Structure formats: structure tokens, C-alpha cells
Amino acid sequence: MERKKVTGKRAISKLVLYALHIILIIVVFLPLIFAFTSSFRPLEDLYRYVSPLTWKTFIPIKVTLDAYVSIFAEGYGTALLNSLFIAGVTVALGILLNGMAGYVFAKYNFRGKNILFFLVLLSYMVPFELLSVNLYDLIIKLDWVDTYKALIIPCIGNGMIIFLFRQYYLSFPDYLLEAARIDGMGHFAIFFRIVLPNSKAISISAGLVLFVNQWESFLWPVLVTRSKELYTVQLALSNFSTQYTKNWDQIFAGSIIAFLLPVAIIMPLQRFFAAGLTSSGIKE
Amino acid sequence: MKKRSVLLLTMCMVVMTAGCASGGSDAQNPDNSESGDELNVLIVSDLDPLEPVFAEYGDKNGITVNVESVPYAEIFETIEVRMGTEEDTIDVLVADAPLITNYTAKGYLAPLDDYVAEDSLARITESSREGGTVDGQVMALPLYSSCVNLYYNKELFDERGVEYPDYNVENRMTWEEVVETAQQLTYTDDEGNQIYGMTFEQIDTPYQLLPLSQSLGAVQYISDDQTTTEGYTNSEEVVEAMEFYGNTFNKWNISPKIDGSESTSYFCSGQIAMFVGGSWNISSFDEAGVNWGVAPHPYFEGGDAVTPTGSWYMGVSAYSKNAEAAAGFVEWLTTDDETCQKTYDIMQNLPCNISVLDAIEADPENEGTPAALNVYEAMNTAMARPGMVGYEEWQSVLQKTYSDVKNGADPKEALDSAVTEIDSLIEKYQK
Amino acid sequence: MRRKNLVVTVFLLPAMALIIIFKIYPIFLGVYESFFTYSFVGKNTVFAGIQNYITVFTDSTVLNSIKVTLIFNVIVNPVQIFLSFGLALLLMVKLRGRKFFRTIHMIPVAVSFTIACTLWGVLLSPEQGLMNSLLNVIGIPNQSFLNDKDQALAWVIVLSSWKGLGYWALFFITGLEEVPQQLYEAASLDGANYWKSLRWITLPQMKRTFKFVIISDTISNFILFVPAYVLTGGGPNGATDFLMYRIYRTAYQYSDMNLASAMIVVLLIMLGIIIGAEAFLLRDKE
């Protein structure tokens, strides 16, 4: 009797949770649905069926892939590959270098630590767009204009990522490090063989931040690139608008690809989230 | 242990170097080139179709013309940052007509008087030449101009049994007539779609809305000494024009409260009967299969017929090490009869070159088209935006004000506060 | 000891060098520039003392921007932190399809802010936006949304939360996954229910994650300007004229880098005080 009551309660709470999920999914998709269906519509149909609300609002009547074909004809593919490369290198180096710094901030004491950490926080209080002028001057002096270097290197060091790793490593069990030290492992070996392999989930979060930062940046690439070969996704997207017109079908199609691609990359990484320190059973 | 860290650092270096090597773009980097016979041209990507024309100049003169094109959304920031650092890697740059005065004040542009022949200047229209002249010096030359007409959707007119607007400039519609006609054309169709009588194309922009106050007699928007807009930008005429603009949305409800970027799509999908906009939209209309007609830009009853004008100009960077060659290129590109004809053939925008304008007018095929109408307007009704040092400040504050009035703010109050804001923003130019 | 110093140097050097060269150095150049002004008459840059700072604190439009930024942050930060933690808890519940749900919430993270704003702009179009069509169905007349000075800021909060919730929830999830399972098992043996475990186990264990999310969220909302840049232009009537957007315009549109620099310094000081307070309240007591 008692048991039945509990399962009944559980079923109800499960129902509530699923309902909540469905509402959230609707909220997530609400702004996207119009772009998605519109990207398959011919230009003249874009706004025709928005109001009043009918099934035609959500399902294109005349389906066309014109928008997708035309953006790739205009070099959107190159822009995607460029952005993937830039973001990929930034993520790889960013996780490693910022992770090392975060680890030191969490686990070592040294002179000047507080000042340096203050600089870390300061560095992410000003957005990249506003550093552009002085930074651009620097890039000219370094003669990095129109190279991948200019797009990648200034974006690797990231205060937020260092802060993220520091917060994580603060809770990293000291006894594990101690045990490794007793086993005769050096500082470097401990970091690369013990600490880093146990930082998968946090590294993915960090990688995502770095990836998104690069994926989103729009003013910086314009300033430091010259040739179309270095076009990035956001640049290609803003190229679908001219002074007078916005090619909405192209903008929608380009946007859909621009966010589905990162999601497709993130999806398989999900499993690492459940496989943090806890499941390896080494947490204190 | 030390070895490992060295290895790591080397690895980083390798990845970084690999990153830039694989760019393969160093070869195209103008900085690395030894030859002096190069011109670096910064354009907005709207002008990309003109690249063959640019290249032709290079072929003819044995010069390499490197074109860098930046999307419209980022062009102004790009010019600010790159000219602000006084770099010499730009020889020729585009400038939006009303910004020429500002760029001159900031020292971005080199005067062209010493390089450009009188004959060449005589080949373009006077109003377009004046648009590039600051304090008597030619600072930039026009690539082409622009004009605005009244486009209408014939099907919607037929459906409501309303007579089409007349193409003849003698029978130019007044704004009062436009409102009356638009009210008949604002309705809900059988499928429940809301149809609107009219819209401006570039909603909220001074480019399109200045002719309203100019038609009422406003001529000046800032004092002669460029210190204050008080009494000018909020003059009686401007307030009255602003009231008209607000009424189209809030009193007569003949215009949809949309954004400038949506207006063309609305007209293309048959939701707007009259579209006050530029001829650059025609290809979109045709693509969407709109059965459209064209009529002259309206004016206020008892006022003057005034149309917007001005588009991209080309100037020579003050920091260019190759100013003479750059000026030669600009001269050829903007004034040479043959080049201007080619530019017109590609872009189909209203030319500034007199011989091309004459050719359009003379061509019987152009009768009844926007092209012929625009030639007339360019010669008779075009009125440039005010050239002022603080144009960017003025335009951005005014644009916000238009938008606020569209959303129901009181025109007089909105303009008064706009004037105060503009005046404080342009104070810096007196220092 | 020497080995330790070497470790500190080698681990810290690459990241710190990059940060100092590409972030801190430009910031300090900006601080320096904030004491100068460009003279259009003399065509040169001259020392201006604290003139730019006086402008910042006397110009009514700048003061309005500061006010808008503060109001926005007082509302948006608690809302985002509370909701994203709630979302993280929801996504931790073992349900069939959990991976799918988690993936869904990664979509807004991957949509760039510029695109997100464009799409929300289309959704909230006062004339024929989908949102108005939906509202019409339940009998609410057309709304102006971002064009209404009383609603605009609220909608900016909504759309930036749409974009931000999945992002911040991700960090909470990472933190929640690290809370030792044994603690919950022990607590449930003691008869603690879900909410009691949340209060007495989860929250204390999540303190460091909270500190990270609260500080990072505050920073990112303080320097947010894309919604104003893409959608509202700071309007209507200055209702969404964030300080950062005014700085952006002052620098690139009104070409006054020096005044913009002074505004950045003021913003940094305000931000510094606020996150300093947050860090103090959430400090590790050990």
C-alpha cells in the first residue's frame, strides 16, 4: 500500500518534469523556428504567412534550397572551415595554457599571486571590441596583419578560463597530489598525468567558452584580415547584408548552419560530463 | 622534467607557426611586396561587382590594384580604426557622401585639387562635385549617386479599384494625396493578412526623411559656424515633417512599424501598396514577381519637390605613400566617360557622369522607367544631405529620434532633446 | 624550492604573457589615453587632465547609460543565476532523454549573440512577428515589445537570458557532477529529502562554482552591448542605452577614443567594486 503511493507520487513528479522540459524546449525553439522554416522559403514568401497564425506559419508551402545553395556558392564553406580551424587551435592551446595557469593559482603559493590574479580578472572585464584600436596598432607593429596568427594568438589567453580552472582545481583533492609526490612524480608529471586527465568535464566547458568566443567574433576579423581566404563565419554572415538590403533567406540559412555545426560537435562530448572525478572514485 | 616543458613550449610555437603558414596569405600581403606600383583600395562589399573595372585600370597602367572589401555592417568601424592608426596600407578608400566633411576634419583624406584635371571635374554633375568638396577643396569624387521614387504594387491598386499614381513629373503626387490613397489601400485581405498603404524603404534614416522637411522649406540643419543645431534641426519645418512621419504610423496607421531592413521584404510579399524607395530594389521586386509601377517622389502641397541623393565617394588616404597614383586611379574611376558607363552597366545606379546621364535620357528604351525618372530628379530636384563635421553624431541621434517618434513620442519634445544631445556631441570639433 | 619556482614560472608564463600583452597592455594604454583629448582645431592630441571624466559625470546621456546599466544588472544577474541553477538541477534529474534535453539547451549557446538578437528581433517584430501572432491567438492585441519604452529593457533581459541560461547552466552541471555521490547516499539514509539535500549538501559544495558563475555573469552582463547594437540602438528614449553601447558609439561612431577610454575606466571601477563585493561575500572561510 505504502509502496504504491510512492510510485504514484513519482509518476506524477515525472510527468511534471517532462512537462517542464517540453515548455523549455518550446522557449528555446521559439526564436529559431521562424528562421528555420524561412530558410527553406522563396524570398517573396518570407513574411507572407506570419500573421494570422496557421499551420502555414510553421511549414513552408514552396520548399526551396536556393538559399543554402547560394551561400555555399558565395564561399560560406571556406568561411566555416576557417572559423573551425581558428576556433579549434584556440580551444586546444587555450585549454592547455589557461588550465596550467589556473592550476598554479589554485595549488601553489608565490609572491605577486594576488596581483597577477587581479590582472586575470581585469583582463576579462573589457570586451575585445573595445581593445581593438590599441590591439590593432600592436598587430601592425608585429606585422601579423592578414594572418591566422592575428586571429588566434590574442584570443588564447583568457581570464575567465583561468578563473574557471582555478575554481575547479581549488577543490581538487590534495591527497591525490601528495600520493603522486610520494611515488616520486615531479610537478610536471603530476599535472600532465594526474590533474589533466581528471579535468575532462571542466576542459569541455572551457573549450566551449573559447570556441564560442571565436565563433562569435565579428569586428576583430574584419580589422586584421585583408584577403577573402581568411573570411570567418560572422564576416560571411554580415556579407549577406548590403547597405540597402538584407538577404533574409541567406541570413537565415547561414545562421542555421552557423549554430547547428557547433551543436553537432558538442553532442558527442556530452558523455564526459557524467565522467568527472566522482565516477572515477578519487574524490575525498 | 625541464626537457618536457621545453618540448611543450616548442609544440605551442610550432602550432602557432603552422597556423599562420597554412594561411598562405602572406604572399598576398601588400606589406611584403617589393614593388611600388601597387594600389590598395578599401571598398565596401556592396561594390564587389566593380572589381573587374578596378582590375582593368591595373592592366592598362601596369599597376597591381589590391581590393579589400569589408561588409557594410563593419565598414565605418574599419575606417575609423585603420585610418585612426594612420597606417599607410590604404591608398584609396570609400567614403559615404555626408562623412566626407568629417573625414576631412580628422585628416583622413588628401585634397585632390593638385592631381585632378579641371576637364575631368567638368564631366560630373555640379551637385555631385559639391558633395565631395569641403571648404573649396575637392576631397573625394562620386562613384555614383542615388535617388528615391515611389514604387507601387499594381495588383493591390487593382483590387481596391484605386487609380495608379502618374509617372509624369508634372503630376507628381503630394504627400497629402499619398496619405489619402494609402488609407484606401490599408485593409485586411481575404486571407486575413494586413495590407498597408505605404512605407518608406529606409525607415528612420535622415537620408530618406530629410526631403520631407526640405520640401516644406528647411534648408539648413546647423548654424553656419557649425556650432549649434538649436533652431535649425528643430525648426518649425522639421517639426512639421516629423509630425507627418509620426502620423503615418500612429494617426493614419498607413505604415507598418517595422525596421528599415524589413521594408523591402514586406513590399515583395505584397503587403505594402506604395513603397518610397530606391531603384536598387527593382531586382528584388522582379525576383519576387511583384507587378510594380513607378512614379516620382512625392512633395508637400505648396512646397518644393525634393529628392534624396548621394552615395559612395572615393578618396585618397592622407597617409598614402602613393598619393599621385592613387589620385589618378580615383580620377579615372569616377570621371572617365567610358568607366562611368561600365560602372552604370554593372551597378545600374544613378550615375554622376554627365555623358552617361545624357545617354540614359536619350535612350528611347528608358522611357517610362525609373532610370529616366532618376535622371530628371538628379538634374532638377536632388538635394544633398547637409555636409557637417559632426554628421555621424547628428545622423545617429536623429535616427533614434525618428524611431522614438515612430513609437509614439511627441515630435517637438523629441527634436528639442535631440538638438541638445547633438550640440553636446559636436562641441569637441570646436576644441 | 627552486623546482617549485620553475614550475610556477613555466605554468604561468605562457597564459600570463598572452594576457598581459593582448589584454592588460591595451587597457593601460586606454587609461593613459583617457587623460588626453584630440583637438580638431590644432589637429593634435593634447593633455586634458580629468576633463573627460568630468564629461562622463555631467553629461546627462552618459548618466542615463550608467543608470540603465545598473538597473539592468540588478535584475538580470539574479534572474539568470537563479534560473540557470534551476535548469542545471532539472538537467541533473535522471530521466529518459536527459542527454537529448541537455543538447537542446546547448543550442542557444552556439547561436552567436548577433544572430540571436537578429532572430529575436524578427520574433518580436511589432507588426507581423510570430510573438504577436501567438498573443493574438490568446486574445492579446499587438504589442510593440522592443519599441515600447516600458517593455524594451525587459525584453532585452528575456533574450539575453534565453542566450545565457544554457551557458551558465553548463558550469553548474559541471559542478554538480563533481559533488560526491556518497554525501547524498549518507543523507538519504538519514532520511533527508531532495530539498534538504539541496540545502545542506549541494549548495555548500557548489560554493566555488557559484562564485565563478556569479562573477562571470556580472562581468558579461555589464559589458553587454550587442542587443542595443543590433536591435534597439539604445532606444526607445534611451531605455536600453547601456554604458557599453555608448562607449562603443563614442569610440567608433563619434570618433572620440579619449572620452571612450575615460568611460571604460569608470565602467571598470564600477565593475571592480561590484565583483569585489561579490568575491568578499563568497570568500572561502577556512
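Order of writing sets the labels: A, B and C. Residues in every chain begin at 1.
Basically, contacts are C-beta pairs under 8 Å (C-beta built on N, C-alpha and C of every residue); 3 or more make two chains touch, one makes a residue touch a chain.
Predicted model only: the values in this text are computed from it and were never measured.
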**Distance-maximising chain from chain C - centres being C-alpha averages** = B
**Message:** When I count C-beta pairs in contact, which pair ends up with more: B-C or A-C?
**Reply:** A-C
**Prompt:** Taking each chain's centre as the mean of its CA atoms, how far is chain B from chain C in angstrom?
**Reply:** 35
**Request:** Could you please state the distance in Å, as a whole number, between where the Cα atoms of chain A are centred and where those of chain C are centred?
**Result:** 15
**Item:** Multi-partner residues of chain A (at least 2 other chains)
**Value:** 47, 51-52, 97, 133, 153, 186-188, 218
**Fill in**
Two or more other chains are touched by the chain B residues 1, 5, 12, 77, 81, 84, 194, 262, 271
**Request:** Enumerate the residues of chain C that touch no fewer than two other chains.
**Result:** 3, 14, 127-128, 251, 257
**Item:** Contact set on chain C toward chain A in their complex
**Value:** 3-5, 7-8, 11-12, 14-27, 29-30, 87, 90, 93, 95, 97, 99, 101-116, 118-120, 122-123, 127-134, 136-137, 159, 162, 166-167, 170-171, 173-174, 177-181, 208-209, 211-212, 215-216, 219, 222-223, 225, 244, 247-248, 251, 257, 260, 264, 267-268, 271-272, 275, 284
**chain B-facing residues of chain C, complex** = 3, 6, 10, 14, 37-41, 43, 59, 61, 121, 125-128, 144, 147-149, 233-237, 249, 251-257, 259
**Asked** In their shared complex, at which residues does chain A touch chain B?
**Response** 42-48, 51-52, 85, 89, 92-93, 96-97, 132-133, 136-137, 140, 143-149, 152-153, 186-189, 192, 218-219, 222-223, 225-230, 235, 238-239, 241-246, 248
**Fill in**
Residue positions on chain B within touch of chain C in the complex are 1-2, 5, 9, 12, 76-77, 80-81, 84, 102, 105-107, 194, 256-259, 262, 271, 389, 392-393, 396, 399-400, 403-404, 406-407, 409, 421, 424-425, 428-431
**Prompt:** Touching chain A in the complex: which residues of chain B?
**Reply:** 1, 4-5, 12, 15-16, 19-20, 22-26, 28-31, 44-46, 66, 68-74, 77-78, 81-82, 84-85, 87, 89, 192-194, 201-202, 261-262, 264-266, 268-271, 278, 280-281, 284, 287-290
